[in-house]
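A quick write-up on the structure given underneath.
A, B and C label the chains in the order they appear, each numbered from 1.
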Amino acid sequence: MGQLVVNGLALGSIYALVALGLLLIFNTVQIVNFAQGQLLMLGAFIGISCAVTHELPVAMAWAITMVAMALVGIVFMVLVYFPLRGRPAFLVILTTIAMGIVLENLALIVWGPLPVSLPSPVRGPPLRFAGVVVSMHQIFIFATLAVILLLQFLFLTKTRFGILMQATAQDLHTARLVGIPVNRTIAVAFAFGAVLSGIAGLLVAPIFLAEPTMGGSLGLKGFVVSVIGGFGNLPGAVIGGLFLGLIETFGARYISSNFRDAYAFIVMIAVLVAWPRGLFGEKSSEKV
Amino acid sequence: MTSEPIIAARGVTRRFGGLVALDNVDLDVPCGIVQAIIGPNGSGKTTLLNALSGASHADAGSIRIGGNEIFRLKPHRIARLGLARTFQTIRIFENLSVIENVKVAAACHTPTSLFNIVTSNARQQQSEAEINSNAREALQIVGLADRANDNAKQLPYAQQRLLEIARALASKPKVLLLDEPAAGMNMTESMTLLATIARLKNSGITILLVEHNVRLVMGISDRVTVLDFGKKIAEGAPSEVQRNPLVIEAYLGRRHRHA
Amino acid sequence: MKSWPILALSAAVALAVPVVARDGYIIQLLNIAILNAIVVLGLNFVTGWAGQINFGQAAFYGLGAYTTAIATKAGLPWIASPFLSVVVVVVASLMLGLPTMRLRTYYLAMTTIGFGEIVRLMIVHWEPVTGGTSGLRAIPGVSIFGFGPQGQMQHYYLLIATLGLAILIASRIRHSVLGRAMIATRNSEIAAEQSGVDTIRTKLLAFMIGAVYAGLAGCLYASSIRFISPDSFSGTQAVLLMTMLIVGGMGSIAGCVVGAVALTILPEALRFLGQWYLVLYGLGVIAVIVVAPGGLASLVSLSQLRRANAG
C-alpha cells in the first residue's frame, strides 16, 4: 500500500507541474491553454531527440529542451494570444485546442506514432525502506517539483520582475497604464508555462513511454488538478496534483486499470457539481 | 388595486465581503404610483433593485411583491409573479430582432410544449399570434413599432433603452422596475421617456424608478426614497425630500469630500 | 429568414446530385456529410443558440450509433433502434446536463470533453459488446417491414429526407418561444431570467434536443455505413463538429449544413496531404477564428447588409 502512495505521489507531482504551467498562463492572461498537454509531449520528444537520437548527455538534453520550450511558448503566444485578445473565451478555447491538434500531428509527422523511451537524468539503485521501493527517478521528480516551487515563489515575490508579473496577473489594464512592460511579462508567462510542461514531459517519459498522442489525457489531467486545487491557486494546484495522482494509482489498482484516465474526470465532475464556480470561484461571466 | 403596498420589503440586507451594500432597508411602494429611489453613487440603489428582481439575492430580509414572498426566488419566477425590470447597462438580446426581443418576455406566462412547437399545430399558431400581438402592442407604447423587424443591435442607444422598456412591458407586469432609464439620453429623449412613464402609470402599473437625473425624478414621482451608504435616510413626497437636510448633506457632503 | 427561391434551388440541387455524380464513393461521402449536418444542427441548439460550449456532441453521436449497432446485431427489429438510441442519448444527456447546467465557459468545456472521453473509454474497453478499438462490422441496415434502402443512392434520398425534417424542426423551434428563449439565454442570461425565461430548463432542453439529433444521426450512420469504430466519435471529432458549426456560422441553420458538408468533403479532397492535413486543418481553424469568427453566415449577412444600405 505504501508503494501505491509513493507511486501516486510521484505521478501526482507530474500532474502538479502541468497544472502549474497552465495556471501561470491563466493567471497572467486569463486564457486556459487546452494545448498544455501537447506542450508536455513536445518537451518529452525534444528531450528524446537530443538524448536518444543524437546521443547527447541527458543533462544537456534537459538544458536544450528547456530553452526550446521557452521559444515554443513565445511562438504560441504570438499565434494564439495576440490575434485573439478580447475575443470571447469560447473562441480562445477552440484556438488552443486547434494548436494542440497542430502540435500533435506535427509530432506524428516528425517522430512517428511509435512509443519511445527516454532515460532518466539520474541513475542509481532505488531506495528501499519500510517495504517500499522508491526509484531514483521518483526522488528526482519530488526534488524537481520542490525546486521549481521554491524558485517560482522566490521569483514571484522577491524579484522585481516577478512582482511586476503578479501585478499584471491581477489587473492587466492598470498594469499597462502604470507603465509595466506588460507584453514582456506575458511573454515570460508563456515561456515559463511551456517550460514547466516540457519538464513534466521529460519526467513522464522515463516512466510511461512517450508517444505523440500522449498530450491529450495529460493535458486534461492538468485541468482537473487546477479545478480541484482551485483555479488560480498555485499551492492548491500542487495539493490537487498529488491528490489526483493518489486517486488514480489507487483506483487503477483496486477498481480497474482500464479506466485510469476516467478517474480524473469523475473527480472533476464531482467537484464541479458541489462547487459550480470551482473551489475558489471562477469569474462569473455576467455582473449584475 | 388594493390599499396594500404592492412592494413590501423589510430588513433587506446585502453584504459583499466586508462591505454592507444594503443595511436593514425597509421599503413600501403603494399600488399604482411612481416611486423613485435616489441617492449618491454607491448608496445601494441598484443592489436594492437586484434584490427585488431576484437578479442578486439579498442576504437577509423579507420581500413581498403583490402579497407573495419572493425572497431568494429565481428571477424568472419573480417575473412570472408580475415584476419586470430594465437594466442600468443595456442588456438587449443582440442576436434577435426588435420584436423577437419583446416576444421573449411576452411569452412569460406561456408554457412551452415541445410537441406543439415541433408539430406547429393550431394551438402553437394561436399562441404565437397572441405573443405577436402582445409584442406589437408593447412596441407601440414606446414608439418602436416601425422597427419591429430590424436587428436589435442596429437600434441607436436611446431606442435600445426604449426596447428594454417595451420588453419589460410585454410580460404584462404589475410592477415595473426601471434602473436609470434616462441614462445617456438627451433632453428631448428624456421628455419622451417621462411622457411614456406617465402613460404607463395611468394604465395601472406601479413603477419603481432608480435615477440620477433629479429633475426627471421630481417631475414624475409621487414618492421618493433616499438611500445613503445602504441605509434609507428619507422618504416622502418629492418636495419634502428635496428640503430634507439629511438628503442635502448626503449629496453635498459627497461633493465637499471629493473637492 | 430564408427566401423561397433559394430553398427551392437548394432542394433541387440536393435531389439532383446523386443522379449527376454517379460515383458510389462520392455518394457515400455525401451521405456522411448529411449525417454530420444533422449532428451539427443538433450542436447548434446547444452552442449556437443557447450558448453552451459542448465538446460532447460526438459522444452522443457514438452512443446512438453503438446502441443501434448492438441492438440490430442482437436481432432486434430495426424499427426499435431509433427509439432505443433516443432513450440512451436522453439519459446520457441528462446525466451530463443536470450537474453541469450551472457551469460556465472553461469548466463547461472541460466537463464536456471529459464526458466524451469517458464514453470513448467505455466503448473501447467493453470489448465483448462493442468490439473495442476494431469496432463493429456487418451492421444490419434500415429495415421497416422488410423494406429498406439498397445501395448508396437510395440511402442518399433517405438521408436527405431526414435532413429536411431536421431542418424543418430546427426552423420551427427557432421561431418559437423555445428558440427565442435559447438565444436570449446566450445573449444575456440575467435579462432572459428577468423576462420570465427559466434559463436552466432552457439550457437543459437545448442540450437534450441536441443530443437527440446526434443520437438519431448515429442510428442512421450505423444503419447506412454499416461499420462503426470509436475513432469516428472521438474527441477530435467533437472538435471537428464544433469547427463545422463555427465555419458555417453559429446560429444559422443553413450555416450548419454548409459547414458540415464543406468540412466533410475537405479532408477527403485533401487526402493526399496525409498527416499534414490535420496540421493544416488546425492552422485553418485558427485562421478562420481570427479572420471571420462569425463564419460564412456572417460574411453572407455582411454582404446583404451592404446591399441593403446601398440600395
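Throughout what follows, a contact is a pair of C-beta atoms (placed from the backbone, for glycine too) under 8 Å apart; a residue touches a chain by one contact, two chains touch by 3 or more.
Note that the structure is predicted; figures quoted are calculated from it, not measured.
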Legend entry - Chain centroid nearest the full-protein CA centroid: C
Legend entry - Most distant chain from chain A, judged by the mean position of its C-alpha atoms: B
Inset, instruction - Using mean C-alpha positions as chain centres, tell me how far chain A is from chain C in Å, no decimals. - result: 33
Legend entry - chain B-chain C separation of Cα centroids, rounded to whole Å: 41
Inset, instruction - With chain centres taken as the means of their Cα atoms, state the distance from chain A to chain B in Å. - result: 48
Legend entry - Per-residue overlap in chain B, given as positions that touch at least 2 other chains: 55
Inset, instruction - For chain C, jot down the residues that touch at least 2 other chains. - result: 188, 190
Legend entry - Where chain A touches two or more other chains at once, by residue number: 288
Inset, instruction - Please give the residue numbers of chain C that touch chain B in the complex, ascending. - result: 169, 172-173, 175-178, 180-181, 183-184, 186-188, 190-199, 205, 209, 251
Legend entry - Complex contact set, residues of chain C against chain A: 53, 99-100, 102-107, 109-111, 113-115, 117-118, 121, 125, 188-190, 235-236, 239, 242-243, 246, 275-276, 278-279, 281-283, 285-286, 289-290, 293
Legend entry - Complex contact set, residues of chain A against chain C: 32, 34, 79-80, 83-84, 87, 89-91, 93-95, 97-102, 104-106, 108-109, 216-217, 220, 223-224, 227, 231, 258-259, 261-262, 264-266, 268-269, 272-273, 276, 278, 282, 284-286, 288
Inset, instruction - Please name which positions on chain B make contact with chain C in the complex. - result: 53-55, 74-76, 79-80, 84-85, 87, 91-96, 100-101, 103-105, 107-110, 112, 114, 117-118, 120, 124, 127-128, 131, 167-168, 170-171
